[in-house]
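So that you can tell them apart, the chains are marked A, B, C and D in the order they are listed, and the count of residues begins at 1 in each.
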Amino acid sequence: MNLYSQDFKTAATALCNAGRFIDSKGWIQATSGNFSARLADGTIAITTSGKHKGNLQVDDIMLIDADANSLDGKKPSAETGLHTSLYMRFPDVHAILHPHSINAILVSRLFGDEIVLEDYELLKALHGITTHETRITLPIVANDQNIPRLSRVVDDYLDTLTADCYGYIIAGHGLYTWGESIPEALRHLEALDYLFECELRLHGVRKP
Amino acid sequence: MNLYSQDFKTAATALCNAGRFIDSKGWIQATSGNFSARLADGTIAITTSGKHKGNLQVDDIMLIDADANSLDGKKPSAETGLHTSLYMRFPDVHAILHPHSINAILVSRLFGDEIVLEDYELLKALHGITTHETRITLPIVANDQNIPRLSRVVDDYLDTLTADCYGYIIAGHGLYTWGESIPEALRHLEALDYLFECELRLHGVRKP
Amino acid sequence: MNLYSQDFKTAATALCNAGRFIDSKGWIQATSGNFSARLADGTIAITTSGKHKGNLQVDDIMLIDADANSLDGKKPSAETGLHTSLYMRFPDVHAILHPHSINAILVSRLFGDEIVLEDYELLKALHGITTHETRITLPIVANDQNIPRLSRVVDDYLDTLTADCYGYIIAGHGLYTWGESIPEALRHLEALDYLFECELRLHGVRKP
Amino acid sequence: MNLYSQDFKTAATALCNAGRFIDSKGWIQATSGNFSARLADGTIAITTSGKHKGNLQVDDIMLIDADANSLDGKKPSAETGLHTSLYMRFPDVHAILHPHSINAILVSRLFGDEIVLEDYELLKALHGITTHETRITLPIVANDQNIPRLSRVVDDYLDTLTADCYGYIIAGHGLYTWGESIPEALRHLEALDYLFECELRLHGVRKP
């Protein structure tokens, strides 16, 4: 039996490359972060825990089913449930990225329950947005080592949304963002971190 | 018919290299930004939209005429009109660069209608300036998805100028800068972003 | 007599690579910093002084005994005694890293006798920590060119501890951190510098 | 006649490599900065003007005599006189580096006539300093396009010194630093910029 399909291998290689890109930006430290991609057959390729995500090999990616059960005997990360519940909610989402950038940490310490981003051209890097005259909101939820409970908090928040949502921040922990493909999720990550940095630097500078 | 002249190919390669340099500085994110060069025959090589400008291939550069009409069937970026109107105004300009650096964004949020730069040695990196005892002004215009209207706002401003102008900032969006060649435009970009950073950091530090 | 065991050579190569990683982060300048690893036989591989630690060769690593005596005729760094006293105190520690990152310097100037880190997910990168709901303290001691006296100050502080300690800061000088292996010490370094940066940036930004 | 000695070629190569290192730190922009080395016979290898100093070739280095006269027909930079007057004053100095780092610019805007650096371990990276309990002063002089006049202002200041001096800052322009060799001058540059950054960041952060 050949456990890993070509689809898996392609996705695993793309996740390794995404890790190198994300590390080059300084958004993952130590063994933090995890990344996943949903395959055509509904199974999910996801990083195992314990490795530096800037130096991933295909062997550091595992295969799980939609309920987060291991399909290849490897041990999934504790946060796997946050990935699978997002995939269940959003049928079009095929990639989820969770780095630990300092900008997301600082946003969570400074901005209360949510951060609002508006009037930036780079909002157009987000799926479906065609003008800077857009206002998006990212929720900030409390950190929790109990992942099913944390997942329910996120779910309850997402249930209340009427507009598109591009990510959420776990306070003191990091950003979750997603997209229809790995390149789109990377584009969302790059845009959101840029917008976080704009907001943070504006709060550190006095008006002339 | 060979659509692309050697002149085009040389310019296209230089634009790809400029993109890599600009990306290495962190000045373009996601698929943002666009770059162009005017050729000897008056046609213009310009980046197409939708690509990450840090990883451009010659095939990502298209050919347009002075009125922004596609000459090779590729689809021009929405902002192409901002390039062609600058080329019409300034006969000596042969390169235009438009990145999305955070410094330009922050300047636009903090400095109102214009930013004044003076008393910096690096002003001498700008065309024709020979002393730090120079005062230059860059306009900051409101962002607008209606590019012809935005272009007219820029034109109206540039009509009022009596001194040389090295660029303008679209608020919440990014810088447009130019030069007689791609190297000169890159030199202007590097100098202006440095001067923006000086001004921004001065406003974030208290006098001892 | 072959002075250097295979164990030494492996550790020396790992210390050189650690130096390159640490330099790539901007955490060592000029010839500052020093790194060591305890071998299975209780001897210690440690950087000699006077070299840029971002460009170490195996020949820049020397062998000392547990009392900091040179075993290969090379001259140990003045700070070697800070390494040997940590190895004596902590039998499980097999690697010590001492860079000069600016974040550690600024923490020492701003935070008095100690810095407290709590409620960060990245605390879990530290040995034995399994939840962000953890509070750790790093002491900040005054700088002193008298290394035996400085070592006693550190020892006196460490004697008072009841919880695990992951490092200490010498004011205006830099961080000492350690681990059961070089990779673990690097993980601790990467996590602690990230947490210092979070704390510092929070103090430079006004609440919205 | 072979104009260039082996000594020149070695120094020129070292200056090119120094330029690449300095550029990798972000301390030179556009075509700013200049670097020199005094050879054993008293002539001086120095960068010509107009090139990006991060991409120097040996051909971009020229040979001058102690009075700044060109010995190879190349055109010296306007600031060459600042190099030769330092070499006349300090017989042991064999290398001078002048980058344009933003930290030096900000120091000059914030700290008046001089900056005092004390109580930093990294002061020991400076020639002859053996303890952090040292206080050094770097003068800040007004920028001037009249280089002979600027050189006299610097000379008048240096005449008043009783202690070692490791560099000076030209306001809004950049740092001049030097050493007995190119590696020592690079060490001084790396240490001074680090200390400038410490001072600047301390002024941008509120005490907890």
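The definition used in the following text is that a contact is a pair of C-beta atoms (placed from the backbone, for glycine too) under 8 Å apart; a residue touches a chain by one contact, two chains touch by 3 or more.
Because the structure is a prediction, the values reported are computed rather than measured.
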Completion exercise
Touching both subunit C and subunit D we find none
Exercise for the section: Determine whether subunit A and subunit C, two copies of the same sequence, contact each other through the same residue numbers or different ones, counting it as same when over half of the numbers at the interface appear on both sides. Expected result: different
Practice task
Tell me, please, which chain's centre (mean of its C-alpha atoms) is farthest from the centre of subunit A?
Solution key: D
Fill in the blank from the handout: Between subunit B and subunit D, the Cα-mean centres are separated in Å by 32
Fill in the blank from the handout: In whole angstrom, the CA-centroid distance of subunit B from subunit C equals 46
Fill in the blank from the handout: Listed in rising order, subunit C residues that touch 2 or more other chains are 204
Fill in the blank from the handout: Full set of chain pairs in contact is A-B, A-C, B-D, C-D
Exercise for the section: Could you please specify the touching residues of subunit A with respect to subunit B in the complex? Expected result: 119-122, 125, 130-133, 187, 190-191, 194, 197-198, 201-202, 204-208
Practice task
Please give the residue numbers of subunit D that touch subunit B in the complex, ascending.
Solution key: 29-32, 100, 102, 105-106, 109-111, 143, 145, 170, 172-174, 200, 203-204
